[in-house]
């Protein structure tokens, strides 16, 4: 298709009919308050949905849906389109019956194993923090080559919310935990798989790991672990155990299914990296992005998201010539640790082919690499932790395509 | 009612049946992904709704619904329960037909009056920022005496979102505005009332006023002005014109209905203050708050919200003895300008009557006053801009009541 | 300017500006030429307004009364005396209106409620004149027009009843100050405080907002109070 | 501790911990005493597992195959040779499993898929033994038990096939470093860059994800591309 002509020329009538003929909403009485006690988006926004990638998984209960990053603004992901990753299906659990147990791997690990109701957890000192959650397999389909058309499918296993909950450290302290011996924590979910992961004690001790019930001002959504999930900032989503029912403090790692059979990164020498947890520095341009068609030549605001599991984003550069030349983008505030950061940059599209890329740097000085740099170390069979620079090719016809370069 | 007994004692069977009898969600297969392309809260959260205050308004189209602050966490208001204030009803406007006009009050005010489509506005450089919006009439029913039972009705005409849009300054610059002569800006909506307000030029020049289309990551909700509204940080909600259709730059204030007949503050001397725009420093405890019943004696996390239309919150103090003694609360990060700030403080309730209050201070040094201090200057017929310290009486039975002191 | 953002926006045409630029300012910029009589206004009122606002503009049915509460004296002083009466309960539109332009502009853009922008220029002049006549501001045979509206402004009962001398406008365009009028205390210990409960909801109003138990989450540090008498089942 | 947060939480009872503390670690902490034979395991498998995973654990129907791709040699070395074959497409569970405890724990907590936690301890031992038998790790007459499981671990084909020497675990519990293994470039001008497009979606896959026009907002800087052939109307 040719670039869509979206100019807004003056009709021969001397004006735009959308102005000259007063629209009905300006000449009538509108809808009353509280048509919905809990409202929803405009009917014109129906295209903004989370979606499955056809053929990606064999069952829909051990599967993924992707957030529509191409249509989102700022850093908050609306909870309605938060990406999903279930391992044995999702549940809407009665919170009055939900319990959290904290125990030790042996009798001496804790002075006192404990049981908490939701009522009790919600009475404890809480914190509220903005963090991204990214599945370790985000962008995983693209390790070898281009596999999917849009940023929804390439990068949509990420979302960002304000979480509210109790630092896990507080609960372990209440139980009289032995933080010297107990260097590994097991988190266990209440779903069918009773999902388990070994959680890094360093993050628990720093107070960052939360036993969370709140997400974007309301309770967690059922798809995201209602009524209780672990928040493990900077760490891949699989560790943010949903429907959290149990915490165990231990002196050994747990070797769970999702740290021995999955979420292991296959290196060229045939070794699997286990316990790869941190989501490293990464970014992606969401406007323009794959599967879109630019309306016209002229001015555009290149916009995208950057994040790092190691802390704050300090800088994002953008290239429109496939990485030969870069310009520094504006970062929207606030720039928070282990949180999405929105970046923006002016661009005048001259109608010629362009390759748009972004490249993030975090506060540890870690710079996002290219596919070539990543594959040189990790090969292309790793599945997880693909944080390569993404390339979008803008064609002369305005159509934007997902490409990889060499 | 007596304080509800919510202890979690061990039954004679040796354990909680919710633990001993494995719950069904841990012994079965759950729901698949994308049961909803746009998800919704748990069915157990149905009580968390926005609500009208019975008898407050004579029509439902010029009316208000209140956000359920008693049930919210952190600082983000879920868009589904964002408070509503319509002056002639709400609309779901087709964004492809929506236009924004920028013109001058006379031919020389702008070099070039302009018309923009949504496509064009969304191509311009955008910013994303977190701000509260508070109706000037929030807490207005309580100027004279206690009138409503819960924090939803006392303080629920406030919400807080991440907004994305174009600085209005950019548009005025594009039109070649005369910023010397043009010291007043009219914003006009596209609803039946074609809502108008005079907007402070100082905030426009600072780049703070936005022509916004994004709210919490998605487009504005229809009830909140889809597809375009003005964001005027720190200023009362009525100025955040919804369904924004026109901006006029002028050399005189506009004396619109909602700055001459309403949103005027009646002083004891019979004078109406006009153009009272800033929402001054204010805070409220949301947990515990009116109409609630504490479960039990023991530990509680007192939690609430603080904000100021003049900038950042620097401090919040909490009293549990009606203002005799105060303790400084923890502020959750980020603390942003003209944005809600969540505060928290430990409290052990001994089962005796207590009067819980909060008192905020902003970065200009402005400290929230008492009803006595406020009424001494402004009387009690002002309706608007009631930022008095709120008192909640916790009874021996655990029930929390809205009270005023003398 | 166009060079900074090529392709974005275009010049508004005169017809377009005419269609949307309808605001009327206190200095009457924007007021279209024309006129309308009180008599004609009464016709318009009875046909298109009275059903909601009452024949005499004093109905409280769908909105607060438009007229009432002003006096001849007020017209002379430009201050509505009743506004100083701390015990007076309600305020009519006419008691507050400092500007006649505000009435003209608002009726023109927003009324009638279900058919805004349907009135002709003459009808707006006329019905505005009628409302002013109800309030005793103009005579029965008055014809309001763009030529005499400035004089009528000088008879508005509350034309002097407003002030912009406050700290709540950001910027220096008005006569305000930057110092807030009310400042709280920062006392932390043994502060002078009023701790007597002097206002609370009476018991009979306990259920005026429905059952609060249904307005709180089912779990958490607390429940909503049951405020509606349980019926036996 | 209780004094800091009076009223919050209580001691978990032994029965409660027994009901929920089901994890089995690589050092076999948590493994209940018991045993199960390959023969019994085959019965369990055919009754409760084969419908999804296939009679020989090699079905790709509902999930990747559980067994296949390992050899006698691998059992000796503890490294699955095929994992170094860059061209080998899939990976079975047995090719990856470095720990036998992982299999036991996961089957016990999560399988069968629609009835997790319904297996007896004996059934879990047995069906684990059966899977290991399919993979040639144990003999047909083997009885797996808590007493011999540590020896079987020493025969797991990929027991040496893992590493924790990387920078992606926060903390020093494992053998990792703090220096990331891949570092990008900060070059800004005339950088050495690969700008040849070498991978993109082939045209025939254009509609594999549906019509992208329906997956983008109706307004904004762009539209979604129409990727589904229009049918004539």
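Note that the chains are named A, B, C and D in the order they appear, and that numbering of residues resets to 1 at the start of each chain.
As a convention for this text, contacts are C-beta pairs under 8 Å (C-beta built on N, C-alpha and C of every residue); 3 or more make two chains touch, one makes a residue touch a chain.
Here the structure is a predicted model, which is why all the values come from computation and not from measurement.
*Asks:* Please report the smallest number of touch steps linking subunit C to subunit D.
*Replies:* 2
*Asks:* Quickly list, by label, the chains bordering both subunit A and subunit C.
*Replies:* B
*Asks:* From the mean C-alpha coordinate of subunit A to that of subunit D, what's the distance rounded to whole Å?
*Replies:* Averaging C-alpha atoms per chain gives centres 22 Å apart.
*Asks:* How many angstrom between the C-alpha centroids of subunit D and subunit B?
*Replies:* Distance between chain centres, rounded to whole Å: 46 Å.
*Asks:* Taking each chain's centre as its mean C-alpha position, how far apart are subunit A and subunit B in Å?
*Replies:* Inter-chain centre distance comes to 27 Å.
*Asks:* At which residue positions does subunit D touch at least two other chains?
*Replies:* 4-5, 7-10, 16, 20, 113, 116-117, 217-221
*Asks:* Among the residues of subunit A, which ones contact at least 2 other chains?
*Replies:* Residue numbers touching two or more other chains: 8, 16, 19, 26-29, 44-45, 48-49, 51, 59, 71, 88, 95, 101, 115-117, 119-120, 123-124, 192, 194, 219, 227, 245, 295, 298-301.
*Asks:* What's the contact topology between the chains, one of line, ring, star, complete, other?
*Replies:* Other.
*Asks:* By the document's touch rule, what are all the touching chain pairs in this structure?
*Replies:* A-B, A-C, A-D, B-C, B-D
*Asks:* Using the touch rule from the top, collect the residues of subunit B that touch subunit D in their complex.
*Replies:* 7-10, 13-16, 19-20, 22, 26-29, 95-96, 117-119, 122-123, 219, 227, 296-299, 348
*Asks:* Can you name the residues of subunit C that touch subunit A in the complex?
*Replies:* These residues of subunit C touch subunit A: 4-10, 13-16, 19-20, 113-118, 217-221.
*Asks:* Which subunit C residues qualify as touching subunit B in the complex?
*Replies:* Residue list for subunit C touching subunit B: 1-2, 4-5, 7-12, 16-17, 20-23, 25-27, 29-30, 60-63, 79-81, 83-84, 86, 91, 93, 96-99, 101-102, 105-106, 109-110, 113, 116-117, 158, 161-174, 180-191, 193-201, 206, 208-210, 212, 214-227.
*Asks:* Where on subunit B is subunit A touching in the complex?
*Replies:* Of all residues in subunit B, those touching subunit A are 6, 8, 16, 18-19, 23, 25-45, 48-52, 59-61, 63-65, 71-82, 84, 86, 88-99, 101, 115-117, 119-120, 123-130, 162-164, 190-192, 194, 213-214, 216-219, 221-223, 226-227, 243, 245, 295, 298-301, 303, 332-334, 336, 342, 344, 346.
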